[in-house]
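A, B, C and D label the chains in the order they appear, each numbered from 1.
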Amino acid sequence: MSEISIERLIADIPNGARIAVPTSRSGVAMAASRALIDRGVRDLHLVTIPTAGIQADMLIGTGCVAVAETAGITLDEFGQAGRFVAAVKAGEIRLMDSTCPAIVSGLQAGEKGVPFLPIRGLIGSDLLVNRSDYRVIDNPMAASGDPIVLVPAIVPDIALFHAPMADKFGNVWIGKMRELMTMAHAAKQTLVTVEQIVDGNLMEDELRAPATIPEMFITNVAKAKNGAWPLGLDGCYEADAQALADYANAARSDQGFSAYMAQAPAKAAQ
Amino acid sequence: MSEISIERLIADIPNGARIAVPTSRSGVAMAASRALIDRGVRDLHLVTIPTAGIQADMLIGTGCVAVAETAGITLDEFGQAGRFVAAVKAGEIRLMDSTCPAIVSGLQAGEKGVPFLPIRGLIGSDLLVNRSDYRVIDNPMAASGDPIVLVPAIVPDIALFHAPMADKFGNVWIGKMRELMTMAHAAKQTLVTVEQIVDGNLMEDELRAPATIPEMFITNVAKAKNGAWPLGLDGCYEADAQALADYANAARSDQGFSAYMAQAPAKAAQ
Amino acid sequence: MDYLPEELLIAVITRLLEGVEHVAVGVSSPIPGSAALLHQALSNGQARVTVLNSKNLQTLNDGAGDLFDRAAQGRIGAFFLSGGQIDGQANINLVGIGEYPQQTVRWSGSFGSAFLYFVVPRVILFRDEHTRRTMVETVDFISAPGVSAPGVYRPGGPYALVTNLGLFSFDRALARFRLVSVHPGHSLEEILDNTGFAFDYDANPDTTPPPEPERLTLLRGTIAAKIADPYPKFAKTVFNCG
Amino acid sequence: MDYLPEELLIAVITRLLEGVEHVAVGVSSPIPGSAALLHQALSNGQARVTVLNSKNLQTLNDGAGDLFDRAAQGRIGAFFLSGGQIDGQANINLVGIGEYPQQTVRWSGSFGSAFLYFVVPRVILFRDEHTRRTMVETVDFISAPGVSAPGVYRPGGPYALVTNLGLFSFDRALARFRLVSVHPGHSLEEILDNTGFAFDYDANPDTTPPPEPERLTLLRGTIAAKIADPYPKFAKTVFNCG
């Protein structure tokens, strides 16, 4: 796998792609997302695995997103995701609200190549009422009536995330962020930014191999030092609380957000 | 978690327990199985994840097993599993024949706390005909008729396996043998033998934590040096081909098997 | 011993956790998190605590589904949920106000509520703003229902509601809250004035006991240091720790 | 160039893999494994090969379901199955002979066949014993069916049958084998005599071409060394390697 730029990495994501991204603590490809915004991608169907934060808010605020399939979009301790909230109120994005494990199960169905997985809960919620793609069946394993929800497989066109390291073969080490493995397994294409590209073969490293995504699931890798900034990356660096607070504050208004996106750096100093 | 003997580890496995064991290359607790045989356990419902070899054959040959739920029992390059074959022919065990991914999906259903998982394939096979616990439904996600099999959750009473190491808290490192994680997640109780018990906390080791089963899933751990012998343990030692060939040869007949079990050592020299 | 309002709430929640072997705590929950850690300390470390988004207070290592799989199997005894709105049937709304989807107020989303509320035996509702804005007759959007029809798989559900004003229990058969005690400094009248739903109560309700002194000491010491892992700002503000 | 029977079979199978991006090989399959590795070498390493139970010839690291999940998604282009019995409709039997379950002959079990046969586009049946004992009219137990009723999800299925006597293609619509070529040293009559099921054939069938010399060289060199990872005995016996 030859080294490519972040811009090249995201160049072929088509408008309208169903794109899966992890939670704010599980390896968000922020630098790549900024590149995607700069490219002017449109009509993304964003699937958050299972929630998201600043990344989703930025993509929504810049008009890149048509559909948000999510269990929650929040800036956590920095407050509401201002652009997400504004877009919902304005009716600018289509919502596919769900609950965390239903999204995970959908992704696992995609990983397993089955059309659905069953999941407990949800019955009686307005989430279920508003998800016409979910089904309720009578559990065929039960002796008497036992309604259970089936969620359809999620097969993202693209999985996009940031990880600590890749090797030159395209194997990607993810540490404890196991959802990245599921995402790569389920998605048609997987695009990854990494802090570093290491020598040797991660799959031959006894300690790293168990938490390494094999290259056959990886479409492309680009190096992006501090690529999750202003979010953190487990084992590498903490989130930049000041930068996140600045963003949260700016994103409260259209003007604040526009000014932020025009002025704030796309990435941390490298 | 205080250190206990192999005998103590397996002491509370009740007769009739549904016990899950891994394939011959994924950490078989051979020393613990010999202890279980010596104890004279009876009527085990053996679930192989998803196949097994010498361990299953020995347990069957010594009359410990009532039910074999399996996708295959074989001594691999050493030939047929003689005691398994003899027991089938004699009608001494009840068979629940299946196919590897159906067993894995059943275990994953157990792990996820759902009553079933769907799986492709199987339709038209005599496996399905003979598994009255499997169901065929019409895929509710499809526009037109699309039959699909549902396999019920497998929730083993006991998961029993051998791993490279545990720490003093009971966390168990499994390397690439990910099925052991699924087994521990799904089972009510998980009993583990390990090559060594290490200092420190495996969950705090950045490199080992991703492939470590957290102690909350582990009921008990006993140290068993060369505990998989005569099978191998990935990253620790190779299988003992001569010992396996000797076993395969002996297991072809009742007499050979009895003589082997009476004379052959229960464990490798430590 | 003087105590802060946060310390009272932690004490109240800790009492609700008695006997629970494994408590999990979601995001943005410093008060429940502190209570869970105090509960663990009182159990001499026997009780397990999983604090989401913490570095060291959890053992989740099997992806985004790990916590939910554990909960589905009954391995999580208690969890905390909140709501932008909570109604008298213990329905919770984490989505927004107005007609879905283009609502006039939008919150973050339902997170794991629509699942965990069904499978965790002891779900404690916690909301530190007890007003008619939050405690409503009927929620605008049901993120997760308080009760389920007969036949619906539901080993879990609401166990109690803790607010800044008082403590309520929840009767799943009646689908109705009952006021257990009023926090010191507050009154039944204040609670009635600020609650949009009907609930059962005694004319002279008990007053919530203050934090037990020895627990308060524990809380301000070892627990404060621990909760600083996921919640440094909270630990600093409330316990002046970190 | 002289060659061994095993080398011919490897050459035959390698030709069947043309264009396949990812070949997986199950347990106890040294000849298919060698063919897959030769195919990979011919693709300049572009084709991926997963050899089960090998140390270095696979990247499975997500548990016992990993291979099957990959196959279910269409990520595995070719796989090999065998059978204690194979019948004219390409049904395979890996379970035993006689009335199930208490059969008079019992084999290991169905392994992944009842799944992989459905989802892998190019399943190659391989059996090096071509007799009326193995090639039967109707199998005693269907581990995995050769064809499926309309409407059954089946992107995969039988593509060819390779035996020690010849090469057959399989027509899924007709549910019938057709003899493609007879291996050198064998005859149509021998195949007819030793086959328990009816199949299509030309009166003067082609002879299977011998291994291509340059492939044979590759096979005896780099491939022999590689296949010694999972199959040391085979590499030693056939290629005198290792």
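General remarks:
In this section, a contact is a pair of C-beta atoms (placed from the backbone, for glycine too) under 8 Å apart; a residue touches a chain by one contact, two chains touch by 3 or more.
Bear in mind the structure is a predicted one, so any value in this text is a computation, not a measurement.
Both chain B and chain C are touched by A.
Chains that count as touching both chain B and chain D, per the definition above, are A. For the pairs A-C and A-D, the larger set of C-beta contacts lies at A-C. Set against the Cα centre of chain C, the chain with the most distant centre is D.
Chain A and chain C have Cα centroids separated by 28 Å. The centroid of the Cα atoms in chain C and the matching centroid in chain D are 59 Å apart.
For this pair, chain A with chain B, the centres built from the Cα atoms lie 36 Å apart. Separating the CA-averaged centres of chain A and chain D is a span of 40 Å. Chain contacts: chain C has residues 61-62, 65, 69, 72, 119 touching two or more partner chains. Of all residues in chain A, those that touch two or more other chains are 105, 112-114, 119-120, 146, 148, 176, 178, 181, 209-210. Pairs of chains meeting the touch criterion: A-B, A-C, A-D, B-C, B-D. Looking at the complex, you find that chain B touches chain D at residues 22-23, 25-26, 49-51, 70-74, 76-77, 80-81, 84-85, 88-91, 94-95, 97-105, 108, 119-128, 130, 144-148, 176-179, 181-182. The part of chain B that touches chain C in the complex is made up of residues 111-114, 181, 185, 203-204, 209-210, 212, 214-216.
By the touch criterion given at the top, residues 27-28, 53, 60-66, 68-69, 72, 94-96, 100-104, 106-119, 141-145, 148-149, 151-153, 233 of chain D touch chain B in their complex.
Per the touch definition, chain A reaches chain B in the complex via residues 105, 112-120, 135, 137, 139-142, 146, 148, 150, 152-153, 174-176, 178, 206-211, 235. Taken in their complex, chain C has these residues touching chain B: 22, 48, 56, 59, 61-62, 65, 69-75, 119.
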